[in-house]
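Multiple structures are listed underneath, in structure tokens.
Each of the next two complexes has chain A plus one other chain: chain B in the first, chain C in the second.
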Partner chain A sequence: MTSPADSGTDGPIVAIDGVSKSFGGFTALQRIDLDIARGEFFSLLGPSGCGKTTLLRIIGGFEDASTGDIRINGRSVRDVPAFQRATNMIFQHLALFPHMNVTDNVAFGLKMKRMDRASIAIRVATALEQVRLKEFATRPVDQLSGGQRQRVAMARALVNDPDVLLLDEPLGALDLQLRLHMQEELRRLQRSLGNTFIFVTHDQEEAMRMSDRIAVMDGGQIRQLGTPEDIYERPRSRFVASFIGHANLLPARVIGDAGAGLVMAECDGIRLACRTHPETPPLRTGTIAVRYEKVGIRPAADAAAAADDIATGRVVERVYFGSAVRFQVVGSNGTTLTAQLADVELARSIAENDEVILSCAPGAAVLVEDD
Partner chain B sequence: MSAGLAARPYRAYKVLLVIYAVTFFVALYAPLVTIAVLSFNDSSITGFPFRGFTTRWYASALGNPQLLSAFLNSVLLGIVAAVMATTLALLLAMAFRRDFRMKGAVLNLILAPIVVPGIVGGIILLIFFGYLGMRPSLWSTVLVAHVNWVLPFAFLTLYPRLHGFDSSVEEAAMDLGARRHQVFAYIVFPMIRPAVIATMLFSFSLSFDEFIRTIFVIGFDRTMPIQFWTMIIEELAPELPAMAVMIIVISSVTALIGFALMGKSTRRS
Partner chain C sequence: MKRGRLALALLLAPGLLWLMAFVMLPLGFLVVMSFWSSSIFGTVPDFTLSNYRRFFDNPLYTELLLKTLRIGIITTLISAVISYPIAYFISRQSGWRKFALVVLLFLPFWTSYVVRTFVWLPILGRNGAINQALMSIGIIDQPLEWLLYNEGIVYLGLVYVYTLFMTLPIYLSLEKVDPRLIEAAVDLGARPLDIFLRILLPLTWPGILSGGIMVFLLTVSAYVTPQLLGGPSGIMFGNLIAAQYLTGNNWAFGAALSVVLAGVVLLLLLVTGRWVGIQQVFSGGRS
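== the complex of A and B ==
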């Protein structure tokens, strides 16, 4: 039994309970249930319009849920306005206060809490140190670079030591190099401070790289919830398999049990022993998802047949990436498959129009539900 | 060679453009320059020939107690009308960021004084105040008439600034613990302050120059333009050019400061 007083230390820090949201006739969220654990780096991932930002704004108190409830630290926040919630948000376009310098931006939240000047000065200095902006304390914010502005936004939110930090695609406007750098920075801050981060993004690589867990959203619903590895290795649906990473998607029917927990599925004569997500019900038909890098490729001429071979075909396109080479192959049965080879030595021996053999190990493919 | 051929008609256009521009600016500024020159003319008849340089008309204008009191009336009235109109315009502009019923109709009502001809506006106000039984005077009828006249311009100056205001900045302030009134006091108002001051300056110069509506409702008080007009009608006073120059300077300086502030506030957002 836990008393209301100590609710908060054990349970989820954010509990989302049957939350729906509609704007006029448009349904932005459909009965979302989700628990986010204390200290977690959690990502809401999905294409634009999937409802991820709406959910974040409901948690922050900028939108009201049409139905359902949200509890932060065990307490319902249904009637708690944004300015009283223990959450802070980093906005998509940062929303820094342009008429204030770096220090005044960062100190704003503490001033609103009527903290005394001396404590404010100490905490602002610490926050600026954490984001490595100490030398810029008195700079007007419109004289900072994009990366520095990001850091001001982080410091301005984190200085309040929020229970939950909400991040609404704050890295979207940065160029790739800076973006990767800021991802590391955010992850480092989250690990060292231990606050819960809820991060909204449409970039699956960004979500994979940073998150403890990811909720993949589409059409106002959570399509799959799990660790980055779960979601990449064991997608449940065709949507998730196609949204995360690059996969061949083959419409398939199940033809039997392949042993070792695998099912044998077939598409146009290509047979694959597939894994399934543990929660996937028994399927008669579905989609086979095979990551490009899980499809093996070798020249047809110099190899004897192997157990894993799935098809023969001809290379119609060869794209060099530096770290890997990608081949598009039209199989002898007419199916187009893409294989990606990290072994650049071997890839050098395969040219466009070459005859090749494609292979795939048992369990490397996943059978997913159609949408 | 071919470049020379192509350049020749181009040069003709250029000459035409220069002629046009010079004519345009002469037409625009020659009267002002003439007035300025005449204000220093040592002759008791307003006009040429120029009989020598003097500043005595300025001294005489500033020494004229009627003129001086009219001038002070105009300045004080301008300040009060500007503050009132700008405050009302700010409240309206804030309301117009949201959607409400009859928004279009309300907008038309605010802007109506711009399209009503001045003389009609004056008559309407005269009749209206007559019905109310208000005695015409500077601080009652004239003030109302000026605020009524200036308000739509103040609204049109302020509204774009507030309309373009990024509401996520307000959300950020709220997120950091600011209540609605604190968001306004610490975030919104400081950000739009240059625009508010600019609006006050524009409003002041509009009120300072107002004549046609004022004359209908002023009674026995005098503003600068009314006093001016009285003097032209009654005596054709030789101080007139000097007074005109002073009015032009005051109006244009306030307006220029206003433009400068407006530019600053737009750059910031």
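== the complex of A and C ==
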């Protein structure tokens, strides 16, 4: 973790307090409460239309909240126009100024602050060095590659040393390799600079890889807030379990206590000892979420039964990924389950139409609330 | 390859022929005629510089040319100042409002500019609307004489008739500016004036220039507006040229005056063009 940035105040750097937003009859945000800590890499994650970009734009001052308030550094920004906020945004489409070269783009914010020329030159040079664009200082921005333009946008925002950097899916347009590279670059910058980053994305892998904490949003609400590990390992709701990673989702009823804080749940004869999120109330019915990689699979010929076995079945589809193999299995009770095997050696011995045994360790599955 | 060239030539042919027949030939003829000599018996082929000598010998002609250029420049500047806010306003509208406003922008072109100039006479004339109104409410006893037939009124007429030639290209160039750039500038701390000077003005400069060139060219060659509204004191170079053909019967001198005007305007565009980045007009805003 990064150490908190230098300014003295404690408490959250951004405090979002009951913020709602409606456009005409459409409710984009419903009473969002959220505190973001100083120096945090925070992601707003959700499908398109979930309200994540609207929330980001309200923080940046590009939209007004219909109700509620936002405090940045402890002060309400309700009446602070966008151009005076201690935030800077990296836009989805970058919005580089096409009539300026790299240096002029990066220097823009400092010029607006009426900083003297010498200081501007020093800070721009530092910023360009940070994003590794020093040799491109005098290039027109339309003569840069996608990744370079990305870095200009980063430098243009970061050179102002914003209290909060807002990132609106800035990596969306890049191809996968470049995207992974820029993710690392962003994370590296955030750690070395210590600014607070609020990152909007619909890509759950991206959010997990980069964030200290994630807010999963849907329908204008925060569905779950936590560290990437929390959210992956202990989803609260069916929505979060299905949106993050790949999971088998089985409608289930609770049949008792499995000990060790686990709940025994049952779906079509398959019984699983499930974890729950600490804040989940006692449930009578719900959904069992089992990650594909948490389902074990072995040939039925391996007769030795094990305590973790949950079902037998037949492989109907086998998909090879390189790093893993994914099997779709129809159980003898008719339920379809997917298992993913990272052990490619073992996977080689299982073919389509083979009879298999599926297993799942106690606590590997999570019981979540239905939506 | 050969086929492509033939197709290209065929596609270009109508336009090139048109240009040759109706632009280059008359222009060439004008230049040739400026070396001929005119007398009461008519204009005859010759090779004499006397038409040009006459222009340079009489300082009144040069003064009129300078006055015409000054009117052209000032009219262009006034048009820019009037056009930009209008164009900006329309570009910020949406839906049917924008459509209606753009149609309104074109509306004046539906009538002849002679008619549009004429309508100022019943407004500003001795017995015109303004004088009648002021006299009827007792502010003045005598009709105001200075409303018409002076240089100021020529500006009014020219700006009125030609401003829209500037509004339209500015509007089109404003439409091309990505509104997200303005958002980005605001995010970086830009105030409204910064946005205008550092984002909008440079990005719409080609539109301002092309509109400006249009208004300037139309203005320096104007002769109907100064004739109708300006009276003797509002006369411009165009009136001098027209007089050679229509009343003076001195076509050769008229041709020489035309060549001088065209040459000076071309020179002016070349010189100032370098300074204001005129190549942007032809390269779509990239310098």
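The rule is short, and it goes like this: the second predicted complex is superposed on the first by the 363 of 371 C-alpha atoms of A that agree within 3 Å, B and C clash if a C-alpha of one lies under 4 Å from a C-alpha of the other, contacts with A are read in each partner's own complex, and residues count from 1 in each chain.
Here, a residue touches a chain if its C-beta (ideal position, glycine included) is under 8 Å from a C-beta of that chain, and two chains touch if they have at least 3 such contacts.
Bear in mind the structure is a predicted one, so any value in this text is a computation, not a measurement.
Once chain A is used to superpose the two complexes, chain B occupies space that clashes with chain C. Contact with neither chain B nor chain C is seen for A:F23 once the two complexes are overlaid on the shared chain. In the overlay built on the shared chain, the residue A:F321 is in contact with neither chain B nor chain C. Residue contacts after overlaying the shared chain place A:G60 against chain B and chain C alike. When the shared chain is aligned, chain B and chain C each come close enough to touch A:N160.
Of the two partner chains placed by superposition, chain B and chain C are both touched by A:M89. Clashing C-alpha atoms with chain B after superposition occur in a single stretch of chain C, namely 117-125 (options considered: 117-125, 135-143 or 261-269). On chain A, the patch touched by chain B and the patch touched by chain C overlap at residues 60, 62, 81-84, 87-89, 91, 93, 95-99, 108-109, 112-113, 142, 156-157, 160.
Those residues of chain A that touch chain C in the complex are listed here as 60, 62, 81-84, 87-89, 91, 93, 95-99, 108-109, 112-113, 140, 142, 156-157, 160. Across the complex, chain B is touched by residues 60-62, 81-84, 87-89, 91-93, 95-99, 108-109, 112-113, 142, 156-157, 160 of chain A. Taken together, the chain B residues at the contact with chain A in this complex read 166, 168-169, 171-179, 182, 186-187, 190-191, 268-269. Interface of chain C with chain A (complex): residues 178, 180-181, 183-191, 194, 198-199, 202-203, 285-287.
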